[in-house]
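You will see chain A twice below: alongside chain B first, and alongside chain C after that.
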Partner chain A sequence: MTAAVETGKTTTIHGDRVSLLRVLGPAHVWALGVGIVLVGEFTGWNFSADKGGALAALIVCWIVGLLYTSVAMIDSEVTSTVAAAGGQYAQAKHIVGPLMAFNVALFLVFAYTMLEVSDAILLGDTIVAKAGVEGLTHNSFIAATIVVLAWLNYRGVLMTLNVNFVITAIAYVSIVILFFSVSPWTQGAVLKLNELVTPGNALPYGWIGVIAAFQFGIWYYLGIEGTTQAAEEVRSPARSLPYGTMAGMITLLIAAAMTWYVCASMMPWEYLGITYYPLWDAGKLSGSPLLEELLFVATLLSALASANGCINDAARAWFSLGRDRYLPSWFSAVHPKYRTPYRSILFLLPIALAFAFIADLNQAITFSILSGVLQYTFMSINIMMFRKKWPLGTIRRGYTHPFHPLPAIVLFCLCVVTFFAIFLGFGSQLIAMTIFYFLISLWFHFYRYKFVRRGDQFTMPWPKPQGY
Partner chain B sequence: MPRYTPPEQSKVGQIFDIAVVVVAIFVALWLPLKLGLAGAAKSIDALDTKTWDSLGQNATMASIWEKLGYTPETAHDVIRNHFHYIIDWPTLIIMAVVLIGYFVFLFRASDREYREVINEKFEDK
Partner chain C sequence: MWMGLSYVCWGISAVLALWMLYDWFKVDTTYSEETLTSSREGELEAVSETHRI
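And then the complex of A and B:
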């Protein structure tokens, strides 16, 4: 039996210090970010059409794209400077303080675990819909997805993200193939946008519907910020993280635009707003059996890639909490052979399974969005504090984002709009979750924090922050 | 300033802390579902006459609904199921107060902890 002892940064096994492996490159960062998010094109974004109509879905695609471009720019600057597992958690710890870091880690764990749950439900539902067998339920498919992917994550990050790169690329290419197969340059043959989105139905609820659509517009891109979780496992964080994240964002903006154009041109908005499989449905409506099969497989692959990336990210955020003793240090162990945060992976497994069986897809997506928006609100304030405490030139940054503070202001304003959008549909849930975060913060601040070493939390080789 | 030495936590204490977090997570996520608080107000504005025309569907839309396996009768509940966006001001104010209060507490308490971290980290500099 291996004797493992956890210390601050590493696990010690028979006297040897074991840490996470630095084996990833920009392609893996892209695969992690796009892999988590691409499922949003296959399901989820279209619920914004339900909230406000087809045109509202397009408007939020662009505006929320702006929100996420701000997220990617801000994240690239901070993460290329604070390169540590936990991503935004490590940023909060060094820039705002321990309690904020604790909350941010919980945002991350909730956002990714609920996204993983949504992915597993989608995968199960898609298989059941395809099988069309009376009495067949999605339960076994959900359980198998979550368990097999957790095992893959347990076995090693390189294999996990290599798998993600391949299946994400296939899913992405399927959207491109669909787009060019339906003659996007010609209206009237396959695509009938003018007849489906008319002046009378483009915004059925008016502008309040556009605002309400923000809630699910987030789903076009939710999770791209997860690239930062790989900070301790990439060979060159200062180069790979900004490059992989920005490339991922560009990829997603193109995919989102193509997806909206094809889907809005092929089905009425009322149907588009309720279907769980807009791209698969587009494949069916194209009349090509090959496209139908391709989009079915791509829907499954996108769900798998997303769940896979989510397990990776949630586990690293939980692992970081254990490593800093914000939670029991038992979670901070690194597997002696596979060099993965295996206890965190195993701990989060039953939680994901439990919610996959008690929540439906819509609710799981909302849980994930809620935590995501709380996190983006933090990020907009975090970058302001980062620039104030360490102005340009005082520390070495891997990347400096332009137009500061405009991206932060845009991000903050769009977060406020999204909170209002969530209020229009899930206000009680937002209040319940915020109260939870408040109570758990009291628990941390007045009780749990006493187990945390103070000065050891600050690990970056930076000068003292200005104003302290 | 002397370095802070945290107490060692017993195994039982660690297990108890994990249990607290898990229970809190389940209560926060599961309770709104159990109490039926999750989900937006959507209701069907029923029509007596169920034709594609009365449902506001043109010929192209009708043909797509039919391709998807719908008839005017089965599509009625999908097409006429509408959101009714009503701003409930007391709930909105409560939500705003809770959110702002939460973030204010978070930043203020974090800053207090952060000063301890910085003081200890940079005590010799």
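And then the complex of A and C:
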């Protein structure tokens, strides 16, 4: 009998195994997904106005909303079947193959770690901007954000996502309060949409500006697919994951629409496209000191919620790689008391700190977006293979998404457009990341894969796929 | 006030980082590596049936 079992009064261990805790419900899934994303309403989406004007920001809000609705539907179906930590990594492993899975896990770790870095930088910069004190730098606030949230994640997933639920809800409610405080049903009093967005300036760069705006339109919803990382810790994956993810997506569509309407009605597109704090600025422009303070606090809370969810997700993806020996199995340790992937959390902590101190916000965001879009492209291919290998009726699905293959086709086409948009803005980073993933794939194929226990990695009790 | 808050942030970061390092050391020296890395993907459903918090 192991030492862990002998000290079982404080440690719940099942037989000889230490697993992640199954304690989460749909509300936690919602908090994880929306928590990661909501910061994009407070900053990020508005840069699409700089690329193509205010109307372009609205057009991409809906079109990218379609992209993410497809992501949420596809993710919900596959994850309700492949309910394992690692999310899309576990999906890729079972449906496509090990090399794809390895790449997808790296997309996940990069997307979430870089988003965490961006959130921490944003939080630090926001506090420094608010303080206006000479000599005050953002470093201490960045360090506190990353370390405190890592500690929270280290101590347990339930408290982590309870905290995320509360702070995400406060940030979300602040958008709703702002929306109703500026009398959205009347134009001219506070909102001046018809003066600020006119036929003459709605699309200042024409339709190519709309395409370019896709790059930052991603920010409206970036990260909602992170809900799947909780698959191994929710009590009922087949029910909670589709509910939480789809509810999160609906929540975000409403928040995105309200955010655009208020901001585009209060700021000219030239300013909206360059400010780092569109909602906080809207709070200031409302003339209410209370709204200004509320939106300042909400900006901080949204950054905290996002970084918190990102630490959770990146650690689970890294942990899953270790568990399948795609990386050293040392990373697959689970804390016997807190039941978290504590070594993965600790390993990624200094990496996030280093990037946060060294990288600038734009670079971190671009790496995050690129990794995210690479992942979405994979998902469109993944669902086609999933439905082909295991058609409806051959395995139990918690959720079946409608109109297949239309969402997959829409997702793939919109990903191609987004890649083009990113290429227009950050072509060199796109090429550098592609080369990086190519080289790391070679390393995995020729060196690392020999350490993988090939039979052990496929764990789902599915029938043989059709055609095999 | 803001400078004071900045120092508090450094202090909290240092304390929590040290606590995590201490706990990591304690766990790794208390439990066997086999126990700590014993989580398996395919055994989740069975685990959920018997789980007690």
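In the analysis below, the second predicted complex is superposed on the first by the 452 of 468 C-alpha atoms of A that agree within 3 Å, B and C clash if a C-alpha of one lies under 4 Å from a C-alpha of the other, contacts with A are read in each partner's own complex, and residues count from 1 in each chain.
We take it that a residue touches a chain if its C-beta (ideal position, glycine included) is under 8 Å from a C-beta of that chain, and two chains touch if they have at least 3 such contacts.
These numbers come from a predicted model, not from an experiment.
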* To do: Could you check whether chain B and chain C clash or fit when both are placed on chain A?
  => fit
* **Partner chain in contact with A:G135 - chain B first, chain C second, else both or neither** => second
* Kindly classify A:V452 by the partners it touches after superposition: chain B alone (first), chain C alone (second), both, or neither? => first
* Superposition-derived angle with apex at the Cα centre of chain A and sides reaching chain B and chain C, degrees in steps of 10 -> 110
* To do: Determine, under the contact definition given at the top, whether A:A144 touches first (chain B), second (chain C), both, or neither.
  => second
* **Comparison of chain B and chain C by chain A residues contacted** => B
* To do: For A:W330, select first, second, both or neither according to whether it touches chain B, chain C, the two together, or no partner.
  => both
* Asked: Who does A:E232 touch here: chain B (first), chain C (second), both, or neither?
  -> second
* Touched partner set for A:I358, first chain B, second chain C, both or neither -> first
* Once you lay one complex on the other using chain A, what is the shortest C-alpha distance from chain B to chain C, in Å? -> 13
* To do: Under the contact definition given at the top, report the residues of chain A touching chain B in one complex and chain C in the other.
  => 329-330
* Structure fact -> The residues of chain C that touch chain A in their complex are 2-3, 6-7, 9-10, 12-13, 16-17, 19-21, 23-24, 27, 30-44, 47-48, 50-53
* Structure fact -> The answer for chain B against chain A in the complex is residues 3-7, 9, 14-15, 17-18, 20-22, 24-33, 37-40, 56-58, 60-61, 64-65, 67-68, 70, 75, 78-79, 82-83, 85, 87-88, 91-92, 94-95, 98-99, 101-103, 105-107, 109-118, 120-123, 125
* Structure fact -> Residue positions on chain A within touch of chain B in the complex are 50-51, 92, 96-101, 103, 110, 114, 192, 195-196, 198, 200-201, 204-205, 208-209, 212, 266-268, 270-271, 274, 281, 285, 325, 327-330, 347, 351, 354-355, 358-359, 362-363, 366-367, 377, 381, 419-420, 423-441, 443, 445, 448-455, 457-458, 464-465, 468
* Asked: Where on chain A does chain C make contact in their complex?
  -> 2-4, 7, 12-14, 16-23, 83-85, 90, 127, 131, 133, 135-137, 140-141, 143-144, 147-148, 150-151, 154, 232, 235, 320, 322-324, 329-330, 332-337, 342-343, 346, 349, 459-461
